[in-house]
Amino acid sequence: MPEFSLQQALNLALRHACEDDDRVLIFGEDVGTLGGVFRVTDGLRDKFGEHRVFDTPLAESAIMGMAVGLAMAGWRPVPEIQFDGFSYPAIDQIVNQVARMHYRSRGVLSMPITLRLPSFGGIKAPEHHGESLEALFAHVPGLKVVSPSTPGEGYHLLRQAIADPDPVIFLEPKSRYWHRETFDPTEAVEQLPVGTSRIVRPGRHATLVAWGAMVARCLQAAELAAEDGVELEVLDLRWLKPIDAAGLAESVARTRRAVVVHEAPLTAGLGAEVSALITERCFAGLRAPVQRVTGFDVPYPSGALEDEYLPSIDRILTAVQTTLEYRRG
Amino acid sequence: MPEFSLQQALNLALRHACEDDDRVLIFGEDVGTLGGVFRVTDGLRDKFGEHRVFDTPLAESAIMGMAVGLAMAGWRPVPEIQFDGFSYPAIDQIVNQVARMHYRSRGVLSMPITLRLPSFGGIKAPEHHGESLEALFAHVPGLKVVSPSTPGEGYHLLRQAIADPDPVIFLEPKSRYWHRETFDPTEAVEQLPVGTSRIVRPGRHATLVAWGAMVARCLQAAELAAEDGVELEVLDLRWLKPIDAAGLAESVARTRRAVVVHEAPLTAGLGAEVSALITERCFAGLRAPVQRVTGFDVPYPSGALEDEYLPSIDRILTAVQTTLEYRRG
Amino acid sequence: MLVARRLDDEAIALQRQGVLPAYAPAKGQEAAQVGSAAALDLGRDFAFPCYRELGVAVAMGVDLAGYLATHLNLWHGGLYDPLASRLAPFNAVVGGPVTHAVGWAMGAKLDDTGGAAITYFGDGASSQGDVHEAMNFAGVYRLPVIFFCQNNGWAISVPTADQVAGGSVAARAAGYGIEGVRVDGNDVTAVFEATRAALDRARDGGGPTVIEAMTYRLGPHSTSDDPGRYRTLDDERAWAGRDPLLRAANQLTAEEVAAAEEHAATVVSRVRDDLLALGAPPAEELFSFVYREPTAALLEQQRAWKESLDA
Amino acid sequence: MLVARRLDDEAIALQRQGVLPAYAPAKGQEAAQVGSAAALDLGRDFAFPCYRELGVAVAMGVDLAGYLATHLNLWHGGLYDPLASRLAPFNAVVGGPVTHAVGWAMGAKLDDTGGAAITYFGDGASSQGDVHEAMNFAGVYRLPVIFFCQNNGWAISVPTADQVAGGSVAARAAGYGIEGVRVDGNDVTAVFEATRAALDRARDGGGPTVIEAMTYRLGPHSTSDDPGRYRTLDDERAWAGRDPLLRAANQLTAEEVAAAEEHAATVVSRVRDDLLALGAPPAEELFSFVYREPTAALLEQQRAWKESLDA
């Protein structure tokens, strides 16, 4: 089986999507000639031509507005916004237009748009290059939100997102772009439905819930915990909207304890939703309140402080210990 | 004591703020000659002149960007964005600039900006005129967020917001603009610190947590419940960032049951944060999972369906019943 | 044009009678709206309205009760079929749909349909960043799109002089290397000709055009607005004298005008009946159209909502 | 100018040595940056940079180690004092600070200080909606602000021809009824004169000016960029021949150049030492500067974080 980095797997997914459906269009800042600042669109312009894969002027709102118009004209747009923090200028188009055109038109107009958004931190980048916007997007009716944790997931989820008839925000964990893994993209894998999570490590003492780059970190924490005899289940949420409430409940019903881990600041982060969902569904069996291990309520800091900001293995294991030692009153 | 509508109370607060501090500037679309589409700035231009109170061209991003520059030049800007849904074009300036300039400059540059934002639904208005953005804003480090529920609260909270050295998003519940109440603005009231909630009705069987227009609805529900001998405590959260976690915990530690009510869609709404905070702090004593009564995960609907969308007294009381009848497994 | 005027009058009347909760009158802008929309080829072109485009809907033959359904608070985007009628859904974000027209035009160009997009927006909207981004994109890609600005003098209470630096939206076009024309927006023939010329240019690969139609909103911004707070009666009267309908009527015989009135009355009465016959959408539709297929969370919320109704 | 060039060289060297994690070279744009900033009156004017304005910082006498601290990943906004140095914090949002300059200029006008704002942005940034909104506001209010566009030919891999419809940012000014001038951005004297004229006009109430300085980014977009993927060596060589430093040096005697080099070497060595002496901010600063006073939630998070460190 061939080995792929996440960046290569995404590139392949885009290539296959363009081959399978000639209505797929790829555009954004520097995605054409340059192949994207992360090279995710590398080679696609040469292969599919400058009509299918093209550079735009530097304006994120227009990129998304153009996607709306293209979708109305029957195309399947796959725009890129170069970095998480630069999707803010496009939020109006995303929330007020992309997410609602299907609703507004009572289902007459489809918006099969996949916004690719290099996301999250961990690469000691400049300001605005390390943001986590999943809570914002997940709150918006009409959007779907997904983030892959591995190259294989990246390939299949991106294909699924592009094939989906609704707008999907595809959050690429940029700190994992160069992480390699073997998988066979030609192999027909059983595609989990949109909105399904995946247990990436079974365990019975507590469930760690994560997505994007935090999945790998949780797996590391789980390995360390295993050395002490603590068996942690790691659940890759994958879809952040719709959220797999049933999957969360199934896991925590077994483990009776949960820790949710994300990079975004604590307050009003998606961890709150995960915590509320688990508590609503598992309250009777829950042995401890759901713990949240997250970024702090501060702007995403400069490289010098990044490691302190991001959920560390230590902080994850401290939360695990807290939940395991929790005694009701 | 004089009687004021919320709209009049806010107008008075702006007037007094302008009188007390000649660095206060009021601007936005139609706030000058017209006095605002809700007349909240009525008469202020005549009183303070067109340099202190002025109309802007129709561009929300520039309104907030201008506020940043004015703050850097030592002014105290109080911009208005005409409606909730039109703050999306300004989100980039609010999140990437307003919320961070103090941080970015290591405290050298202050951003004492109060963004007034007529918010929430309930008036059967056109699309984009009924949105609840508190979850989005509360997630952003560097912002403070507040919403008044009564004319008196409106007066004092707006004065407090304008006096605050940090950026405050001031969410005005437009369905309450014409609701009248007596209070004495000249009276020196004990000002609750920023981030403090207020118990507006004491009770012992469960706590209803709400803000903005939902406070009045919870009070109505509490009155009905009282007829059946159920004593509901109603907590007006007021500040949605920072959230009064201690106040929430104090109340629910007593009542042992909580229902949070808001207009925004359920998923990733601020109710999730309230639920998580309460659960984290009161788990041992909690008799039932925190219930959420919210808008549904759909775009804010047209007037014909608005009453079905908004949390009704029935839905609130059903949730109360659920929490009261809850038995652990 | 007369149909648009009479239907506009009727909508205002319906608002006064408490039938329509609110309405945004198009009075005074009929020549700009009808003249431009009449130039479109509905077989291949597509129009993107804001919220004050009754005349466009009339000229395009859109289901008018469906168009007015927005103001009846039935459905935000209206109840007409945007694909069949070639008119995008009613859009309340000032400047919001302008980039959509650019995207649509790119799609039409890629498909080589010869179709062009026209996007309607106001003098106020011209201040929005999106309008600039749209013009720049259209200029870079040389797309078949018409930026049709109805400069009606006002954005609610703000006059054009305090809104449009430099005073002319059409003059902005030169900065993007595209055509810009100003036209008397109350002269229906002039508007038609300017739009047809722009459409021809668009189809020939000549790229986008900005048309600024100089007109005047004779009524209030909306039925809850009070223009007396920001403009004088004299101003209104002066423009009333330039009413596009009077101008058009002057070209016609008394018989023609009478026939037009009769036709308009028939249409208005039919649309009125259709409108009043429109029921509110069934309450279950609260959960519809959010996605192609409802999510598990939505189905659960719908079930809980139904239970609370039955309780 | 030479200080800017030599310090830029040094920053690139430091990046290669692994000291700076990344850097955005200003090479080739020194005349535009130094020439414009030198015209400012630091007693009353204020400058708003993006992320490639080393020459501006040099000309304004900003603490250069503090400026470069951003690239050392110490603090996003830099470690210089923006109020004292009259240079707003380093800003990585393309187009983001342009409206700030407009607001600042309005503040200065209200206070009648005679001060003017200058905002630096690129050809790529000119596509952003914010830049349009800023120019329109500045035009409507006739504010003392200079929109200084460094048209360096590229926005990462996208050439100006595919970015700026119409080809000229200066030409956009006419559409706002404001002054627009194009200047040879590699001619330091021409840039200085154009900026001084714009400043004079601003102080006299003549309103805003757009200056488009035509220049070229001789280096990569950033140290992680590979220009070979999108432009030819020939193109780079042609522009290297128009290097603003060579142009300036031609005006000077060999002795003057040697003295300037000596001065630059001294400055560079001092800045280098200062930069290397800068320690990382203490980890507790993770919780600082979010608000004037930390909130209860932040204090609690800080406490938990400290405990996890001690654990």
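A, B, C and D label the chains in the order they appear, each numbered from 1.
In the analysis below, a contact is a pair of C-beta atoms (placed from the backbone, for glycine too) under 8 Å apart; a residue touches a chain by one contact, two chains touch by 3 or more.
Note that this is a predicted model, so its numbers are computed, not measured.
Chains touching both chain A and chain C: B, D.
Most remote chain with respect to chain A, judged by CA-atom centres, is C. For the pair chain B and chain C, the distance between C-alpha centroids works out to 34 Å. Work out the mean CA point of chain C and of chain D, and you get 42 Å between them. Of all residues in chain A, those that touch two or more other chains are 57, 59, 61-62, 85, 89, 92, 96, 103-104, 127-128, 141-142, 243, 267, 296-299.
Chain contacts: chain D has residues 75-77, 93, 127-130, 133, 136-137, 140, 162-165, 290, 295, 297 touching two or more partner chains. In terms of which chains touch, the assembly is arranged so that all chains touch all other chains.
Only residues 46, 75-77, 79, 81-83, 88-91, 93, 96-108, 110-111, 117, 129-130, 133-134, 136-137, 140, 288-292, 295-297 of chain C touch chain A when the two sit together in their complex.
For chain A in complex with chain C, the residues that touch the partner chain are 25, 51, 56-57, 59, 61-62, 64-75, 77, 92-93, 96-97, 101-110, 141-142, 144, 165-166, 195, 242-243, 245-246. On the side of chain D, the complex with chain C involves touching residues 127-133, 135-140, 162-168, 171-178. Contact residues on chain A toward chain D in their complex (touch as defined above): 29-30, 32-35, 37, 55, 57-59, 61-62, 85-86, 89, 124, 126-129, 266-267, 296-299, 301-305, 308-309, 312, 314-315, 318. Put simply, chain C touches chain B in their complex at residues 21-22, 51, 70, 73-77, 92-95, 124-125, 127-130, 155-158, 162-165, 229-230, 280-281, 283, 285-287, 290, 295, 297-298, 301-302, 305, 308, 311.
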